[in-house]
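Input: one structure, supplied below.
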Amino acid sequence: MSPPRSAPRYTGIRTFASLEHVPLAALAAADAETRAEVAIVGIPFDTATSWRPGARFAPEAIRSASVLLRPWHPRHRVEVLREGAVVDAGDVGITPGNAARTSDQIAAALSPLSAEGTATLVLGGDHTVALGELRAHAAGAGPVPLLVIDAHADTWDEYYGERIFHGTFLRRAIEEDLVDPARSLVAGLRGSLYSPTDLEDARALGLELVTIEELRALGPDGFAAGARARCGSEGVVLSFDIDAVDPSAAPATGTPEVGGLSAAETLAFVRALAGITFAGFDLVEVSPPYDPPAQITSLLAANIAYEMLALAALARAR
Amino acid sequence: MSPPRSAPRYTGIRTFASLEHVPLAALAAADAETRAEVAIVGIPFDTATSWRPGARFAPEAIRSASVLLRPWHPRHRVEVLREGAVVDAGDVGITPGNAARTSDQIAAALSPLSAEGTATLVLGGDHTVALGELRAHAAGAGPVPLLVIDAHADTWDEYYGERIFHGTFLRRAIEEDLVDPARSLVAGLRGSLYSPTDLEDARALGLELVTIEELRALGPDGFAAGARARCGSEGVVLSFDIDAVDPSAAPATGTPEVGGLSAAETLAFVRALAGITFAGFDLVEVSPPYDPPAQITSLLAANIAYEMLALAALARAR
Amino acid sequence: MSPPRSAPRYTGIRTFASLEHVPLAALAAADAETRAEVAIVGIPFDTATSWRPGARFAPEAIRSASVLLRPWHPRHRVEVLREGAVVDAGDVGITPGNAARTSDQIAAALSPLSAEGTATLVLGGDHTVALGELRAHAAGAGPVPLLVIDAHADTWDEYYGERIFHGTFLRRAIEEDLVDPARSLVAGLRGSLYSPTDLEDARALGLELVTIEELRALGPDGFAAGARARCGSEGVVLSFDIDAVDPSAAPATGTPEVGGLSAAETLAFVRALAGITFAGFDLVEVSPPYDPPAQITSLLAANIAYEMLALAALARAR
Amino acid sequence: MSPPRSAPRYTGIRTFASLEHVPLAALAAADAETRAEVAIVGIPFDTATSWRPGARFAPEAIRSASVLLRPWHPRHRVEVLREGAVVDAGDVGITPGNAARTSDQIAAALSPLSAEGTATLVLGGDHTVALGELRAHAAGAGPVPLLVIDAHADTWDEYYGERIFHGTFLRRAIEEDLVDPARSLVAGLRGSLYSPTDLEDARALGLELVTIEELRALGPDGFAAGARARCGSEGVVLSFDIDAVDPSAAPATGTPEVGGLSAAETLAFVRALAGITFAGFDLVEVSPPYDPPAQITSLLAANIAYEMLALAALARAR
Amino acid sequence: MSPPRSAPRYTGIRTFASLEHVPLAALAAADAETRAEVAIVGIPFDTATSWRPGARFAPEAIRSASVLLRPWHPRHRVEVLREGAVVDAGDVGITPGNAARTSDQIAAALSPLSAEGTATLVLGGDHTVALGELRAHAAGAGPVPLLVIDAHADTWDEYYGERIFHGTFLRRAIEEDLVDPARSLVAGLRGSLYSPTDLEDARALGLELVTIEELRALGPDGFAAGARARCGSEGVVLSFDIDAVDPSAAPATGTPEVGGLSAAETLAFVRALAGITFAGFDLVEVSPPYDPPAQITSLLAANIAYEMLALAALARAR
Amino acid sequence: MSPPRSAPRYTGIRTFASLEHVPLAALAAADAETRAEVAIVGIPFDTATSWRPGARFAPEAIRSASVLLRPWHPRHRVEVLREGAVVDAGDVGITPGNAARTSDQIAAALSPLSAEGTATLVLGGDHTVALGELRAHAAGAGPVPLLVIDAHADTWDEYYGERIFHGTFLRRAIEEDLVDPARSLVAGLRGSLYSPTDLEDARALGLELVTIEELRALGPDGFAAGARARCGSEGVVLSFDIDAVDPSAAPATGTPEVGGLSAAETLAFVRALAGITFAGFDLVEVSPPYDPPAQITSLLAANIAYEMLALAALARAR
């Protein structure tokens, strides 16, 4: 009948939702009985962004904004923040200015978790961080089905000669055979493009693309049905780029595009994915320097991460 | 055909919408012919908030943002800011750090107005201020029907031992027999909860609860019909917690929850209540330190207050 | 398959979307073969605003926010930023503190372009700048059909004795026979008014008015059909006041009104105008001092300007 | 031994330092016994600024920041905020966009006070407001001695054809014979200039100029001695442009210049003027839109106004 | 020759300067050999502030701003952040809205550390937190010598009936015999007062008071000599209220006063205290909501805390 | 006697101080008579920063803040912004995420200017940009004398394996024989260090180091005398890292250190260098995302750049 904590939720060192902090190394070394089911992992890397940097501070900011989260999800009727089952594993050590080395560091840090069946919830960083993350997932399981919610397809080939960049990660991941494009889908596309062939090029990789207008026409249930049909219900990786959301609800991001999802739409689309089992999640491209004073982007990001944890809890509960 | 004021609306000491300032004491002492029909009253108290403080500055900020308001409401076709009928009574003197004493101060300050039939429009402050306000209303009329628009039910029992807190006000008000739960309704509920029983506990108090999804499904007319059915059409108190609104439109509040009402939805739901006569209104939980630079939360709050005044003007006009 | 620029889009002197800068004088002197089809022109004038100033910095801020724009419009399937066809002509030299003289300066600066058939896309400035702009358009063509998207009708007669003001520009333009009210329409009206006759006065000028509720009920296609029926399909001037948009998506404006269009609605309503040929466009009332830190108003404004350029490109392509 | 107010100082309608609000008309009509000694008057006019507008909101912002001021000045040992002796007279009604008419309005509003010997403390507005203010002072007393603390001499002749502008007010005032240049001094000059003759032109008007380096070399006592020698000790008008202060301590101003006074230096220079009797004061060029989130410019401005009131109280006490 | 950390300092869960997190309970239970010499403790309490709240977020913000701190202090030539010797003990659980109960909680949490000789560095919270802190220090040692750097004496008796408030903590502490006024000193006083007796009342308690002007005249060495003469060299408690600093360098605080110390002065005054052994330190009144975007107040606060740790390291090294 | 421009300085495409824009290629191709004496060049690169990114937007922001600059420098009595002599050459095309390639791009872009004797004034970007810049200077002249004003020595060897980083540029430049350490000096050092040997390591490279305390003790004249003695009077490169300035005056920078120079001190130290002839200048590490709302860091940076241009104008005038 009352808040169970003896002190205000804004008390204490900031971990995600005040969850226990179990460093990555300790987590990898834990035995099967005590191992967490989901590990939240920050990756404070933003070298590879084409406009506004700052996503290096997203893990800190999302943790800060997560203090309001309470354990029980009334729509899904599931306990999301179960002690022991979900932990905050801290951040991956990355190398600013070096996307290639950072991708290796991420893969090395996350692979032990993926190998043991611990789902990872990555808090980026720019979208480049998904490359290392997908390497970890694919290391054991082979090419994974990937469900991306994003304003951009991120399938360009290079930026000014740089091949690992936040707008190229998905092409790289397909080239490296980390993602199975035939079981993958990118939804929420919008905004101006470099050329008429941009989307054709992405489709030529084997991906299914859903524009924002198509997504709205589908609605949450239609989207979820399509996602299940395309990606299957097991071992999917869900990658959410915060720029899928409209700048009014998520102003603080590297390459904002007007006309995106509202917060209510965002919650509805993510909640509709209940029933899919996810190998991992990421939430990328929050850029906190552009978020003051109310930090609504980080707040929304914390809630999307919470919805991802709820999807994991539902799968666990089945 | 032109703005009737001889000087820009941003000229002059800031009262709500540049209305005449009649201090509370003078207002209580006025005789029946000259007494205002609605008194706007600030209550700058924010001791009892569980995350972001700052609502102490809301009365100032809402007055500041109200300079744009013009007297005529084109949808309702009613003059809202009628000279003499509506006045700004200034602020109640409160005691920061002492919610119990402040509740007494509020009740003492507002009771003379309620006793004389002057409707009060309270600008909070955190939601705790409603406790003193409801004591004033109930002093003469007995338990009142209460219509709350809020992301949270505010029926928890205590916070870290504190019993008068912004998340407990409604439980306290029912315990003190200020509110008739059988004629009361809380709409707009969303967000994570402490436990599966949080909402059941609230319903056990006798309240009707409407989630944000149910509210959207009802639409403004359905909501208004339900409100009239539940609360009746006379002597209702309307309490609007700004966190019912989405952080994109109301970022500056103590405990923001993503996925709330848009500004357009907000106006529609409040306007639909035309036809009910209200004993009082409050607009709470605006936290101005989180509102710069465009202060859109205070602007929306000023407009919600204006819609409340329009509801009062409509009732008066009947 | 990759971004065509050899350097990041945030490199270089800020012109709109990194387009070539051709000063107004050079543009007027160009011969017919090499002359641009559309000239973007900043008018940094904000003397005549009734609440928040700052629109003098809008041309700079919109150019800054336009760096993300890419040349290809995937919905209209048209190349928007064609080299040579669209140029940034810099700013008109204006006189702060003197709306009458500034209106003359604007008319003098833009008339040569209008005379040669170069469409102008004006980045205001407050809405007063439309008076000089309409003088330029009407100089050769006579009274023009005007399509306004705005929260306010801007048909008041004067403000505190000032006759050229952002809330009076449309009355002045009709009085000066620059606009043909019978072929003109103002859509998006909302907010409180000075008196019950405000809208009647506007209609008495011959204008068609569409409130925000009516606009939403029409939807993009209904609106576009009505606009074509009213304004015709040739030589129309489109004037977009950013306060048509809700403060959640466009907080930085001189006289914000809550309850406006979302960004997605905005794009849809503007895109629906495909098929009309426009003599000119303006985008007014962005006030950058109220836009930090993410500058979402300027970003939306840059995108609306881009949609205007797309409408021009479509007309050109027919 | 304790704060004398029964409620927090942030309670109530915002007048300067919570002083009684006596409107200008009532003040002018008061009889000699009850008339205030100093009237604080806001002039929310910012049409005539050459870079950043926003000073129209300075009276509101300075009043807001003044809530912290307490009555007793421990350095001067004088009661500054004596009830009845000092009042807040509200704002002068001005005409945005019309500096000439506004100057007339200011002169008309303030002349009755000057005529009765009530000192005025003007809260601008841009520096143009001093023209009307000086007309009121000179109406009875003839050309006044003027002591200006400012980064700029404000003696240019016109801006783009406009003759009443914030950078021309002092030349206009001398031309109108409102100021006696031989008894006037401008201190704090710095920043780049249009031409080598700018300062010679100002000196040719008869003014004494003191650069920021000279001012620092003089120190507070040397400055005060020089001011007394130049301006005399009776009937002086003190005009303080907040851009005399460094942007680190006063960022929110229309034309900031780096390298100005610190807050501590500012207090020391103003306090050193004890012993001079002032006919009036003004504090101009605070631009609140550039002040969030901590509003330190308005806070400093409120304190400079307080120091001015202290100088008036000291003169009264002699 | 290079940064010793393998990853950027902005990587990882935010503890102060990335120090090890040892919760309070674990710290109290440690045995003598492994016990830390200094424990950093956050106290996120801001109920008792008389203007701007928000200090509840100061421990989080100061930890965030501390990531830049490196271990070696080149002026004192001492290793400040020695592993094991200095730890971050997290936050004390407090009760918002209840200063009396919170003071008890603080005393109970810190007493075990004081009893074992672990120095505490408290990150407030408002200045009220010093009351509980001083109870812990005095529990074993009796009344302590207290060295306060603050704009205000904090010796008022009550605020609107509240006796435990940020402006009364020092009077309460003396009444409770926690502080030995004869060995205590408050330096940095400035700003307007409630009455001529405010400072006399403080002196009547036995305190020595040093105004900001006197402090500047003394200089760092004179101040330190006076502090040693007054407070002695052993077991002193140093309390630093960030409002001792000028708003230009520390804008984000509850009751800012213009004219305070610069950052350079602040460092010099604190560094001059080398040679004194401190039983504890506190750094209070940082209010992060007023600090965006560059968070310079939290940055300065983190550096003052670092200087305190350096003083402790020097004492340890002797 | 009046501003010479016919329109406000905030009118027009933003080049530095509204100077003519001559692209780098055109500049390199110009013949000797018409070639500019100083070229302002933006380098929007910020990949290699160890805390707060954002310096990629500094060239834009400094140009924006430069609109207030007027041509005449009253202290040096020199015309600074002489038409034709000083131009804005736009930005160097860089490669985000690749410091090595970017350094090559910078050297290639600037070498033609250095070869022809055009001084360059680089607006960074993070301090890494100085490496490419120094390669251009040394290409013809051999190792140059370098005068650095900076809080940090930037002589670390690597960061997490990265060898070209903003904290390593000076070591790299010495290793590449671009800088003659025996004729070079770094002034303004302060802040905590990684180890006791950090400064010894820098001195071992042959550099002279001056701490902030030593710099203040020297004063402007002593500093300038020392700089001339160390660096000589010809062909010196002046590199100014904005973090030499205190965060109160320059909050927006990548690695702020408290206790730095005030703006007045900054101007005095730079002005004292009159008499030295400079081969080039750079102004680095301004991070605009941390600068709203008044953008005082960019304003100070624009003024420091102006002082650099004044030093160049003085040398030219000799």
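Letters are used for the chains, namely A, B, C, D, E and F, taken in the order the chains are written, and counting of residues starts over at 1 for each.
The rule is simple: a contact is a pair of C-beta atoms (placed from the backbone, for glycine too) under 8 Å apart; a residue touches a chain by one contact, two chains touch by 3 or more.
The model shown is predicted, which means the values in this text are computed figures rather than measured ones.
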Fitting subunit B to subunit F on CA atoms, where both chains share a sequence, rotation angle to nearest 5 degrees: 180
Residue-number overlap at the subunit B/subunit C interface, same or different (half cut): different
Greatest separation from subunit F - chain, by CA centre: B
Chain at maximum distance from subunit E, centres defined as averaged CA atoms: C
Computed distance of Cα centres, subunit F from subunit D, in Å: 38
Length of the line joining the C-alpha centres of subunit A and subunit D, rounded to whole Å: 55
Residues of subunit C touching at least two other chains: 6-8, 10, 50, 56, 93, 95-96, 159-160, 246, 248-249, 262, 289-290, 292-293
Subunit C-facing residues of subunit A, complex: 50-51, 156-160, 167, 191-199, 201, 211-213, 246-249, 251-252, 255-260, 262, 289-292
Complex contacts: residues of subunit E adjacent to subunit A: 6-8, 10-15, 21, 42, 44, 56-57, 60, 63-64, 88, 90-96, 289, 292-293
Touching residues (chain side subunit A, partner subunit B) in the complex: 1-10, 67-75, 77, 80, 246, 248-249, 262-264, 266-267, 293-294, 296, 299-300, 303, 306
Interfacial residue positions of subunit C with respect to subunit D in the complex: 46-50, 52-54, 56, 93, 95-99, 101, 159-162, 164-165, 289-290
